[in-house]
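Each of the two complexes below includes chain A, the first together with chain B, the second together with chain C.
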Partner chain A sequence: MNKFAKWGLTLPATIAVIVLLLVPVILTIATTFDEPKGPFSTYAAFFNSGFRVNILTRTLRIALITTSISLVVGFLAAYVIAQMPGRLKSLAIIAAVFPLLTGVVVRSFAWLIILGKNGIVNDALTGLGIIAEPLSMLYTEGSVIVAMVYLFVPLMILTLTGVLEGIPRDVIEASSSLGAKPVATFLQVILPLAVPGLIVGAVLVFTGSFTSYATPQLLGGERQMMMGTLLYQRAMVTFDWVGASTVAAIMVVITIAIVAIMSRMARRLNPMAV
Partner chain B sequence: MTARIHPVLGILTGIVFLFLLAPLVIIVGAAFSDTSYLTFPPRGLTFHWFANIFAIEAFRTTAVTSLEVAFLGTGLSLLIGVPAAYALNRYRVELPKWLATLFVLPILVPEIVFGFSLLKSITIGLGLPVLPSLILGHALLVLPYSVRVVGASLAAFDFSVEEAAISLGCPPVKTFLTVVLPNIRAGVIAAFILAFITSINDVSVSVFLTGPGISTLPIQILAHMEQFFDPTIASVSVLLMLVTVGVMAIVEATLGLTFLTK
Partner chain C sequence: MTVSLTIENLSAHYGSTQVLKDLSLSVAAGELVSLLGSSGCGKTTTLRIVAGFLQPTSGHVRLGDRDLTTLAAHARDIGLVFQNYALFPHLTVMDNVSFGLKQRGVAKADRLVRAGAMLERVGLSALADRLPSALSGGQKQRVALARALVIEPPLLMFDEPLSNLDAKLRVDMRVEIRQLQKANGTTSLYVTHDQEEAFSISDRVAIMNAGRIMQLDTPEVLYQKPANAFVARFVGFENLIPLTVKARDGANVTAEAAGGASLNLSQDIFGAIPDRFMLAARADGLAVKAVAGKGIAATLGTRTYLGRAYQYQCSTAVGDLVANGTLSEPLEPGTAAVLEPVAEQCCILAPEA
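What follows is the complex of A and B.
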């Protein structure tokens, strides 16, 4: 009975993941090596195309900048939230969760209204007489980054609030009662204890922004293509499925490499680990 | 953790929250503007754009499809995910470690790659129609919530209670339904909500799995935006935000929102 139960209960989910996810993704990657011009010809074509390499470096750059800004902004907010009294804390968490539960399309769309030709920023600047003609802020790298930071800051706040709240009060009291100044306590006690959480947040935001589709589609357009929008364009607009699969394979490899490296780092840098 | 907060930090945090909430307020404002283009602050006040949503058939049909896919996909993921989570916790020592990793793969694989691969292998390769493909794709996408969130509840469950019921003669399935399930209720609700929200907002997987006549609401919104840049999209967004408010009210009533920071 037990033998049947332990395997039988996991069987449907196991089959679903293998049949619907693992095999299709492996097939997608496998097809890129099955080319008449040689197994790596499609990768050579990708990395020889300045246009496509540009998209890859842009995607990495945007993901890195988004992650860095989200880390700083998210940590600041989480640090303050963790000290708030109960009632205020609930309100702050509601304010962070609400955007998180609102869809990507809606949240990206908000920035079209803000940054557009007739948008708020342009209206304000022309109204104040600072500029004569409306600026074109959409379809720039900056507009994509702003929207992505907006997308991922709530996730960072929630991840880090949990981590900061988990730091035992005794440790901080011990530090200050032994004469450490607040800045020293922060730098030498709180920050090191938060490092594993910061790494988890960084992985979530980096992989999320690296593989995003809707935000670069809406705010970057054709001009600021990223890997996600390139994959879609190859697959559904030009029907170059091998090209799309190549993009997919590169995305998978980079995502897995980032997760692997960062989780190893998290383990090594965890001061609480024995 | 408790420490003193410098006023400057407090002000900066205020600015962060302004940054988080102002864009949503702007959408609400723009939805009521009596202009044919999107603008904020709204000029005039009209409900015309809300009426317009219901006048456009594509919004009605895709909203229904989105709900269908979210309910069936989430239901399916719980149906296969809860037993898996149970087995992973109950037979923790005996089951191999890679099994737990397998169930979080849908998070590790980029969504857009998953959507594209599903289209290639299942929809085109096996010729499965669009709607079942969408439901299966969403079920897989949200499976990690079912396994992990329910698993977290099960980790806190004392399995000796279950053994007591079984040794007193209660059949295993009945034991699960009357003893185990009530104890992990919060986890199941949380998994359902997170999965449902993820499914209903999904773009990256759905964008490949929508065909002629069948589309989901977020994909329809993107398509509408490419042709019209009028406040209709803002009013759809307001309706979607109302759904979020409803969901948050449910979370608060059942689990408490602080649950989400854990």
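What follows is the complex of A and C.
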């Protein structure tokens, strides 16, 4: 294949990324520096507002907790699935991915029914006499995290199953033949070799939960506002376009920073990883 | 340090298929024994059972006076060299080699010294900081060898260690493996499907078929005196001719093949000859003669030039045979000739059931 053809094939995708992604993002961010009060005035305003900084730290906290829980739950599930024989493995993967067939709104809405005042959990607990009054579980950070873990674990399982299956049996056997006990083999061989998958999974879940809108809107409401819901409110309710752009710019920068930190941590664990 | 490996009455199943049938084998202290056979003969299954990766249906594995049968793989203290090297891709050459020492709780400074010395022995000191992905196949196998040797295991096992290397390197590596094994006096079990490799590296070779050992002996005995038809074919006796004794006269025996060909054989050369037997001969062991004489009447077919002789595909009353003729008189296809056994190059086998 000659040079022209090689570049030519990537051209449509390159144009799409530039025109539909890079240009709008740059234009959006550019408006935030074009303020009469000075180029960084909107950012100063954002970080001087306790309310907005609170939303930012809450969003970071929820995204990091969701990512951590999804990593552990997803890794355990993927580890078990990767050891299964062929047919059972396919079934397990289908079962794990099944929730992805419905939309985010539908799946978040399901948790409204489960966690609500008259939801399944409260009905069961009051029915069993464990509690007298229904608990208010909705519109808490907990309800948002539970729903997001549920949303993102399938992605984690998919990513990690592939990576764990790719670890050759020989290498694990070599480890135990050299005297490594199961825990040592897991910590010194399996885990480092799974790092590329853990990064991909963590990046997917972190960016997904950090930027989520529907789930915090439905399960967090006004009280547990996150960056996504704040952005929507600025743009569509108060029509503060510059404020919305500022939120967007902060989200882009933080996402890039977190992804960079994750890759750096990964490289320390496994020099083979990206 | 040097101990013997004893495998007693080992049976193994995959589902309902029996892959090992009451297999017994012992490897003396410091000895290298190869398991040789085609794929599916059970040689790798045997190795995996000894390593602890597979549980046998019945039987025992002993190393010295330790019974390994139910011990976990990581507690067996066996050095293993894999076909695909199985190096840890995320660890440097040095860390790969010192992995086993680390598991044994050896202090870091000591680990570096011992792994460094082992890398020196396999000639890889300069590559200690590389990752396996930056090594050639031969270098990878040297690292794998160093990694298995550095823990000073009482037993070393090799699972087709050279089959991913090119021909030249294979020969160099097997000499190197043999030298290291002899220098350390480590009892070794070596699995391969390559006859030349097995014969060149081993003290004794077990030729396996369908989950059993067909013969366990030195390469010399296997090559010259196979115990049965399977081993004879395996080591290259192309011609197996069924014969029946017609007359005995002291040490001399006259035997007849199908089609009436009559052969004179001496028990002084072959030892006791039973009434029904098979004569096993390589192409070298059957001489093509153009003149009439005592032997098997044959019509010559395709002639191939071998450098030291001409080889002929021959059709005879006992079936198709392969025989060699002298370079001085090339014979044309279609010529009628006689095939005479060269006694020193033939051997006598019990008839096949």
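What we mean here is this: the second predicted complex is superposed on the first by the 250 of 274 C-alpha atoms of A that agree within 3 Å, B and C clash if a C-alpha of one lies under 4 Å from a C-alpha of the other, contacts with A are read in each partner's own complex, and residues count from 1 in each chain.
We take it that contacts are C-beta pairs under 8 Å (C-beta built on N, C-alpha and C of every residue); 3 or more make two chains touch, one makes a residue touch a chain.
Quick caveat: nothing in here was measured; it's all calculated off a predicted structure.
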Which of chain B and chain C A:Asp170 touches, first, second, both or neither: second
First, second, both or neither for A:Pro182, with chain B first and chain C second: both
Touching partner for A:Gly162 - first (chain B), second (chain C), both, neither: first
Larger contact residue set on chain A - chain B or chain C: B
Which of chain B and chain C A:Asn270 touches, first, second, both or neither: second
Touched partner set for A:Pro192, first chain B, second chain C, both or neither: second
Touching partner for A:Asn122 - first (chain B), second (chain C), both, neither: neither
Touching partner for A:Pro99 - first (chain B), second (chain C), both, neither: first
Contacts on chain A seen with chain B and repeated with chain C across the two complexes: 168, 182, 185
Chain A partner contacts - residues on chain C that touch it in the complex: 51-53, 72-80, 82-84, 86-90, 99-100, 103-104, 131, 133, 147-148, 151
Parts of chain A lying in touch with chain C, wherever the complex brings them together: 168, 170-171, 173-182, 184-185, 188-189, 192-193, 195, 270-272
Footprint of chain A on chain B - complex, ascending: 1-5, 9-10, 12-13, 16-17, 19-21, 23-24, 26-27, 30, 37-40, 79-81, 83-84, 86-88, 90-91, 94-95, 99, 102-103, 105-106, 108-114, 116-122, 136-137, 139-140, 143, 147, 172, 197, 200-201, 203-204, 207-208, 218, 221-222, 225, 229, 233-234, 237, 240-241, 244-245, 247-248, 257-258, 260-262
For the chain A and chain B complex, residues of the former touching the latter: 1-2, 5-7, 9-10, 12-14, 16-18, 20-25, 27-28, 73, 76-77, 79-83, 89-90, 92-99, 101-107, 109-114, 116, 118, 120, 123, 150, 153-154, 158, 161-162, 164-169, 172, 182, 185-186, 190, 207, 210-214, 217-218, 228, 231-232, 235-236, 241, 244-245, 248, 251-252, 255-256, 259
